[in-house]
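In order of appearance the chains are A, B, C and D, and numbering begins at 1 in each one.
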């Protein structure tokens, strides 16, 4: 149009870039079908995925930070017959696009190297770009139809990746459970949009914002919790997650756990905060309760686990719980008009989304490196890898510290912000949340501490100690691509931990749009510290703490070097004078978890240990039998399955009736209808 | 001008299959006859296509309007692709001696007769004529179902025959009642059976007679549609007949019967005093959806399983039309078209699978994506499409249906969603067994044989993402007509 | 306005110097109470020097983690200790971290200690690490709930602001505060491996927790770790001091006299708390390992109770 | 038309209902066949009467078909089949006669109830006639459902269809009546041939589940 300089980057242009990016990814998927069998195929596809994703992340970052970039959606002629597909950024989707694509780009770079281990690339490579495209489509969608198309497309592509190694029955089962639960969630979201759209079907998000939700908004909340929660992995809808995430190839697991669940979080925020009008205060109650249970149960499940990838998957459940605690608080504050507090809680949640996407994918990539080096996922059969793969061990350690919410890494910052939000909750006017929030806070603290325990166990039994299996003893460090990707992620974990102010500031637009409030601009604070409410109230300076630790450590080291003796003798382990025993005597991952299992697990998992000691003189071996129940599955899923099976069995008889009996059915139907007709009038 | 072309096309639509039937009855060689079969179907498709743009003048006996054009074109398309698929399929059946050469001759003649009957049923303006046509279509399919002469096939055909006959009788009674209601106003004779006049003046008919008649029509034609609890013939007929016939049954015949039901629903809708037919259709649709969904779990025969899936989808469509209103009707139409294409595509695939594996037992079929990757993945795509996942068209229609339903009656929407979820789980459970896992076998199947299947799925995928504005406007227009 | 950077530096050095003395003093008093003469109060310094001069024996399969862990542990503990107001509140760095950060820093130290315990791959190291983390999984939330309670009083999580508030008129005797204090003491006992949770003096294998983790350490590494342990004890005592008995603490802008007073007050408080600690320890016996969770669970409950009481009572403010 | 004429029409239709009850009541094979023949004859007469009333000569054809085909040919054919298959002993029915009759009564009542609201405008003639036809249809269906015997079920179906023809002819000036009756005759011929060919000795539902398992790969 006249008067606009062609050089200026308009929102519309950005949205167009984004749409092209998605299209490009879909093209890559098609290309993947053709080249996947070639030797170079996987490298080409993964490499270009990395490029496209970084481009998308850049565009989205610009859209997030550039002033005055409001939504001016690209309208595509495709999509719903009764309305056009609209793609575009608003601050929320821009923020999530950045998070998703940043991580995805790095993971794709890892996959360039890791992809070589794939036995059947043609079952992985084509679906990988489709998977990414689906996630971006969900984030960019500005109308219900394309949102759900993206959502289901995403489920479909990731399902194909889960069953990519379909030879193992467990993977097939994982795929089945995953696809069914994902579709169930999508159907509930369908209902939610049905409520929002109303009878004459205003499917664009704008229309939904303008028209008040048809029907009670509580229904929307419930449906959103079910729909988005089932994909995010809220307890008790998490059942598919520990099955599906480990089944996929490790770089895909990283994406599913680190990124895909965040798309679900986005869906929840979009529906509950954006589309379904102003919340009422009690909305926060179910969210907070579910979130607290999720956080605690997730980490406890993880502690019971000795399959490395399953452990990581369960930790995703825990972190989703933490994220939803933040969201629940934000709901409570927003409903009570405490805009700044709401902004704090929301930003804490989204910040944790960002952090978790970083360190969870880092950890899964590390697990992948271990898996490809040893062929083992069972931590009981690993150990001592820190000697064989030092760099992997180092990056994995960084991930462990970050996810355990320990300073100076990023995991701590977001939990610190969440705690700050919790401490603001006495301002809430209602009683129930005021009673609930401290309990939630305790849960949060407890799960953080348990997470630390869990990752001591994970890192310790995987990388430390002595190798428990020849495979672990013969492992070799993984390739350059993978290492550099993991190092990059580790660096990002540290970076986001020491200078969190930038992240918080860049999320200001989101909080403004969603809860109508902002935090003080953090970049104004001296020395890069963050003080969300008021420096006198609470402040944290990650950079300073980090520098101080480093200086203190170096200082100590120097002093010791200067004054201490340098003599160092290698010898057998002391171990209270016991002779050097076989590696099997060292603490395994399940023995490490034993005390915690006895304290918590006996209730939650009905965990029972039975020791059978042979009588003195009897040379038989002693036995320890441990049985742990997945109570959630047994309480919730088994009954449903049993009911469906029972109904199917009952009805199945109808397949085998005789013609006369079928005629009886017809006759009965006829008489019934006639009676109805006869009585209705 | 346009009208004259239209009437020519209409004549062709009926004459070409008739001639084809006679011709094929005369020709012994199956190669030639298979080719001729396909060519005749192609001509029929062409005529149907012409009718989209050129409408003949309606007569007392024949009528072409927007509504039946949709069914005609979808039907002719499926009929054509099926005839192409059937050529290869029948050849294999001959090699394996399951069919004799004279069976094939009979089969081809019957195929065209079936086409004729269905076209006639669709274009007939006279409800009596429509009834006759549907009866003929039923009888032809009955004999085709029994064509293998195995005990199971004969048993299935017999069951189909008896239940079908009862259905026909009920439908006829309903038709007579409608005529009785009409002849008070429209006078005796053919005029009182012409559908367009019935619709025009149904407001003045006697509501009690209309109520009664709809009960009989719903059960009578509902038997043909395969709605529970009068569905019983459908699974066995699909499972035991030749697979092309299963494809035609699911893709066409069910739609034709549903179309008949729609015609009468419109007559009811014209009269304010009648008990609305909507709730009855919704109830039967929902029953079929739930019932079929649960039945899928216990199926061990692959064709029978997909037959139940047809029942499920017919239930959905009936429910949609029962709900009425522009959105739901649009969803119903779209779903009908998409289901025809997808389900026939699936049956094409299933036909090849049962021939390659030499069995229809799901338990004996494993890892198709390994033993025959293209076929396997096409099957996966087909099942994914029929289960209602994007980017396929079924998703679009289910999206519209569910969202529009919730606004009107939440509980119904929840029940609908539950049914969808159940059926979905059942299909996926079986799909995982069929498509994945290790399979020692390796089947060779020339890719071009899969062309019809790929074509259908391609169309469905395109329709899911981009419905051409012309078709879109057309469907919306029809939906608005369906009240 | 802030204190000068000198006072911050002074505190850094001060905690370093006082820490071994504190453990020396406690040991002395302890043996006195047991009717023993006991070593001199300066014995810890001698031990440290001795250890530093000895050669370090490292197990064959110990990794680089085993050798850097002591320094990380020491550094984090030291930084944490330097951030707690001792003789003066509102020091230069105190704005850099609030009490939550301090708790988390100790968590980092514990994390590395537990890893070091697992590194060599002996059974005792494993025992120590797993039990330590189990205790922590209860102690840390209890600690954070104490923090909630206190910071809800002061409306801040900055220790300086908290002690300033505690000096102020607003505070009377309060049930929540009392509960918090008890909880904090229990946590302190657990975190510093004191009786009844653990016995710093024992080497009886099956009862060890802290000692079991550092079993493989020797020489300079052991020295650094011991120093860190004593720093931790000091930290907890001064934490209790600055929250519950902030009297005499130098506030910003005080003169030399004020500093002297503050220092004196601080030393006196440490001595008093140390004495109290020893008396408590000598009075009771060590628990079985699986009684400890109940002990800590009590702390957790007390903390939660205090917090909830406060959350609710803060209705109309 | 004079009341007498309509009364005769009623009489014939009503007597068909009566004969249907006789069919329902009958439990010996040959007697059943004979009574069905009677059913067909009554139908033929009433159709002929309608033809005379409506001055519709084509209805005479329908009457003729009814008479020749259903009144003579089918009973004879069935008779021979019964003899050939040796199933002339008796007809076991699912429900014993008494309840069946009661249920039949209920059905007649139902059909009258649903016909009541039909407006007088539709003509008393049509209404009564329809009520009878409907009850004949329902009774025929009832017979199909309650009889375990193939022949019995065929006869049930044919009586049902007689009801249809009655209704069709009762509807004044309805086109295609002849064609329809022909079509139905073809249908019935199919069924009879089917019984004969497939040796369905006892009943339609001879195929039991175990047999299906083998043939269908669908074990219950």
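Heads up, the rule we're going with is that contacts are C-beta pairs under 8 Å (C-beta built on N, C-alpha and C of every residue); 3 or more make two chains touch, one makes a residue touch a chain.
Since we're looking at a predicted model, the values are computed, not measured.
J.: Which chains are in contact with both chain A and chain C?
T.: none
J.: If you tally contacting C-beta pairs, which comes out ahead, A-D or B-D? Let me know.
T.: B-D
J.: For chain C and chain D, let me know how many angstrom lie between their CA-based centres, rounded off.
T.: Each chain reduced to its C-alpha mean, chain C and chain D end up 99 Å apart.
J.: Round to the nearest whole Å and give the separation of the Cα centres of chain B and chain D.
T.: 31
J.: From the mean C-alpha coordinate of chain A to that of chain D, what's the distance rounded to whole Å?
T.: The separation of the two C-alpha centroids amounts to 69 Å.
J.: List the centre-to-centre spacing of chain B and chain C in whole Å, with centres computed as mean CA coordinates.
T.: 78
J.: Two or more other chains touching the same residue: where does that happen in chain D?
T.: 114, 117, 141, 144, 204, 207, 212, 218
J.: In chain A, what residues contact two or more other chains?
T.: In chain A, 652, 655, 657, 659, 663, 666, 670, 674, 677, 681 touch at least two other chains.
J.: Would you mind listing the residues of chain C that make contact with two or more other chains?
T.: Not one residue of chain C touches more than one other chain, so the list is empty.
J.: Name the touching chain pairs, would you?
T.: A-B, A-C, A-D, B-D
J.: Tell me, which parts of chain D touch chain A in their complex?
T.: 94, 107, 110-111, 113-114, 117, 138, 141-142, 144-145, 148, 153, 203-205, 207-209, 212, 218, 220
J.: Would you pull the chain B residues touching chain D in the complex into a rising list?
T.: These residues of chain B touch chain D: 128-129, 132, 135, 139, 150-152, 154-155, 158, 161-162, 165-166, 168-169, 172-173, 176-177, 179-181, 183-184, 188-190, 192-193, 206-209, 212, 236, 239-240, 299-301, 304, 359-361, 363.
J.: Once bound in the complex, which stretches of chain A touch chain D?
T.: Against chain D, the touching part of chain A is residues 652-653, 655-661, 663-664, 666-667, 670-671, 674-675, 677-678, 681.
J.: How about chain C: which of its residues touch chain A in the complex?
T.: Residue list for chain C touching chain A: 52-61, 63-65, 71-72, 74-76, 78-79, 82, 93, 95-98, 100-101, 104-105, 107-108, 110-111, 114-115, 118-127, 129-131, 133-134, 136-141, 144-145, 148, 151-152, 155-158, 161, 203, 205, 215-216, 218-220, 223-224, 289-290, 293, 300, 303-304, 307-308, 310-312, 314-315, 317.
J.: Using the touch definition from the top, list the residues of chain A that touch chain C in their complex.
T.: For chain A paired with chain C, touching residues are 383-384, 386-387, 390, 393, 397, 401, 404-407, 412, 416, 419-420, 422-423, 425-426, 431, 434-435, 437-439, 441-442, 445-446, 448-450, 452-453, 455-457, 459-461, 464-466, 527, 529, 535-541, 544-545, 548-550, 552-553, 556-557, 560, 563-565, 567-576, 578, 581, 583, 585-587, 591-596, 598-599.
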